[in-house]
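Okay, got some structures for you below.
The two complexes that follow have chain A in common; it is paired with chain B in the first and with chain C in the second.
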Partner chain A sequence: MYNTEILVIGGGPAGLKASLSAAEKGALVTLVERDGHLGGQLVKQTHMFFGSKAQYASERGFNIATKLGGQVAAHPRINVLKNATALGYYEDGVVSLEVEKRFETISFRAMIMATGAQENTLLFPNCELPGIYGAGAVQTLMNVHGVVPGRRVAMVGAGNIGVIVSYQLLQAGVQVPAIIEALPEIGAYHVHASKVRRMGVPIYTSHTVLTAHGRERVEKITYAQIDQNRQPLPGTERELEVDVLCIAVGLTPLTEILFQAGCRMDYIPELGGHVPLRSDTFETSVPGIFIAGDAGGIEEASAAMVEGSIAGLCAAAKLGYGLDAYPGALAAARRELDALRNGPAGKHIRSGLEKLAAPGEVKG
Partner chain B sequence: MRIYNHPLLEFKKGEAITFQFDGETIEGYRGEPIAAALHAAGVRTLSHSRSYNRPRGFWCAIGNCSSCNMRVNGVPNVRTCVEPLQEGMIVETQTGRGELDV
Partner chain C sequence: MLSRSGVPTKKQLEAVKPAPERLAQGPVVIVECFQEIPCDPCYTSCKSGCFLPFEDINDLPRMDLDQCNGCGTCIGACPGLAIFMVDETYSETEALVTIPWEFRPLPVEGSEVTGLDREGKALIPVTVRKVRPSARKNGAYLLTLVVPKEYAFEVRSIKN
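Now for the complex of A and B:
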């Protein structure tokens, strides 16, 4: 059995920052990462980040992964377990792990859940044909492994991920004949959306995919305009020949272990699904279990990093580390988070967090 | 279809090796995910669904969803989107839930 003071599950932006901030305060940290590398989904992100310098603005995701991953790997108080999957939470406070294909267990005094999220699917006839991939999957295949998904890719979803991945497809020499978006407006930041439009990619808002065609793989799709009730308008159906259909319709928090640990959860659509209730210090309803990043509500990597820092600070403080500077550090990190969520792009997450903070409950 | 010239990225690949896919010899790079090597070689169908035998490719590419499960060196349900490719691997399309040779 392994033993640690603070167990961090997930080595993406939230988990890396959580590990660093807890270890810098003096706590012994074990970071568990399912993949063979640190950085989570940052490793495939080639776009530049927004925000301020403190949040790595103007840096590309994969460079941030290298930087933070390096700091974590070099830290004397952080033990990194790679190729290590958290399997389950036991009521005596032990987490079971598969580490390099061996079964292990680990005990801890506090735990930070930074498990991230998974991509949503979309239901339509033939939606599981080969060639229909998650946008994140396409990003991984292309930007990490250097393999293009196909020659001609239709994108579903004009949020940031859909639009950014469309741009990356164009960069890799792939045609993108259409971006199809069910909402009446483009969700992505204008800087991203206007870039793909300038490159000749039409964005069809108030449209959806009706069906995919093909026997062994996708060969064609039918898409159509939809009304306010999301019903297709007869006569607007169009066909498009593609060899890949890429789905970018949002993410869902990965919360299995939180459910298993008995954390109080609530379904908040703005946050992407079921998320744990949490205190001002990012502690869930189960004492000693903290939350950070997309696992607590779908947002961006910049916010995940700040949340990670806060959860790390608070978990360390709970064990008695870093108490002197704690109130100041916490207030500064909170201001950083508020600043990130301040603009119109943060409206969604702000309303989700307000719902999570129902009167008399622990707050979000 | 591999990317050889990218405006931002450089792909550091392992050594070129060969492996078996359903009896056919295919080339890939050591250490890349099996599914990436197969995709680069034009293979899209990795498994067939349990009830209706429908073709399945990968979906998430990060080891979450099980859509890419294949039989590798006789072991069923290997997540090929994250399993590193090794020389001489025997990779087979899987149908249904996968059986162990006992």
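Now for the complex of A and C:
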């Protein structure tokens, strides 16, 4: 059995920052990462990040992964377990792991859940045809393995992921004949949308994919305009020949272990699904289990990094580390997070968090 | 409408167009940033005082365009690739338009490419005058194009 003071599950932006901030305060940290490399989704992000200097603005995601991953790997108080999947949480406070194909267990005094999110899928006739990918898979193929998914890709979803992956496809020399979005407005930052528009990619808002066609693989799609009730408008159907259909219709927090641990959860659509209730120190209703990043609500990587720093700080403080500077450091990090969420772009997440009760509160 | 099409409206673009007197003085940035998002590298990268301090990181950038010296640092720092530069003093009939660029292979200096508008429509042949890496050294490049003056506020991309 492994033993650690703070177990961090997930080596993406939130988990990396959580590990660094807890270890810098003096705690012994074990970081568990499912993949063979650190960085989570950051390794696939070739675009420059928004935010400010504190969140690495103007740097590309994969460079941030290299930077933070390097700091984590070099830190004497952080033990990294790669190719390690957290399997389950046991009542006696032990987490089971598959590490390099071996079964292991780990005990800890505090745990930070930074498991991130999984992609949502879309149901339509023939949606199971080969050639229909999630945007994450397309990014992995292209940006991790250097393989283009096809020659002509239609994108479903004009949120940040759909528009960013469309741009990455263009950069890889792949045609993107359409971005299809069911909502009446583009969810992506408008500057991202403008980037693909001026490369000639049309964005069809209030449209949806009706069906995919093909025998062995997707060869064509039918899409149409939809009304306010998301019903297709007769006569607006159009066909598009493609060899790949890429689905980018949002993310859902990965929370299985939180459920298993008995954390109080609530369904908050603005946060992407079931998320744990948490205190203002990011502690869930189960003492010693903290939350950071998309696992607690879908948001930008810049916010995930700040949340990770806060959770690391608070988990370390719970174990008695870094208490001198704790109030000041916590207040500063909170201000940073609040500033990111303060504008119109943060309205969604603010309203989601408002709905989410603190762990001690009884919701009416 | 920008939020439905991804293309800024004429009204939005008019609001960020420098005054004719300023354009007559030389290169100046055009900041096509119309949505309040948490982002401030334009301000933090600018060394000439053109971008005014942000009160809130979600603010739209505010500029004192008289301070812009045409260095182009902000163009390569803007994560949204939303900053361009126009120099109307280049010649009688042509302006220099500088755009951020993240595609490879890079166009060759001196070559003729097609200037595209904000919808990616082919507008007019333009000459690539200069290709340089952004000051941030983050893989972005700045392309400076020779564009007929009447297209200086239309050409925002190229096809090479």
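Just so we're on the same page, the second predicted complex is superposed on the first by the 358 of 364 C-alpha atoms of A that agree within 3 Å, B and C clash if a C-alpha of one lies under 4 Å from a C-alpha of the other, contacts with A are read in each partner's own complex, and residues count from 1 in each chain.
Heads up, the rule we're going with is that contacts are C-beta pairs under 8 Å (C-beta built on N, C-alpha and C of every residue); 3 or more make two chains touch, one makes a residue touch a chain.
Keep in mind that what you see is a predicted model, and the values were worked out from it rather than measured.
Touch criterion met: A:His190 reaches chain C, while chain B stays clear of it.
Of the two partner chains placed by superposition, only chain B is touched by A:Glu216; chain C is not. Residue contacts after overlaying the shared chain place A:Leu340 against chain C, while chain B stays out of touching range. Within the superposed three-chain model, A:Val201 lies in touch with chain C and out of touch with chain B [touch as defined at top].
Residue contacts after overlaying the shared chain place A:Tyr133 against chain B, while chain C stays out of touching range. Look at A:Phe49: by the touch rule set out above, it reaches chain C but stays clear of chain B.
Contact with both chain B and chain C is seen for A:Arg60 once the two complexes are overlaid on the shared chain.
Touch criterion met: A:Asp35 reaches chain B, while chain C stays clear of it.
In the superposition on chain A, A:Val148 contacts chain B only, with no contact to chain C. Once both structures are placed on chain A, chain A residues 60, 171 are touched by chain B and, in the other complex, by chain C.
On the chain B side of its complex with chain A, the touching residues are 1-3, 6-9, 11, 13, 32-33, 36, 39-40, 44-46, 49, 54-65, 67, 81-82, 84. Remark: chain C residues 2-8, 32-41, 44-45, 56-59, 77-82, 102-104, 116-121, 136, 138-140, 156-157, 159 touch chain A in the complex. Of all the residues in chain A, the ones that touch chain B in their complex are 34-36, 41, 46, 60, 62, 118-119, 121, 128-134, 136-138, 140-143, 145-151, 171-173, 215-217, 254. By the touch criterion stated above, chain A contacts chain C in their complex at residues 47-53, 57-60, 63, 170-171, 184-186, 189-201, 203, 205, 300, 302, 339-346.
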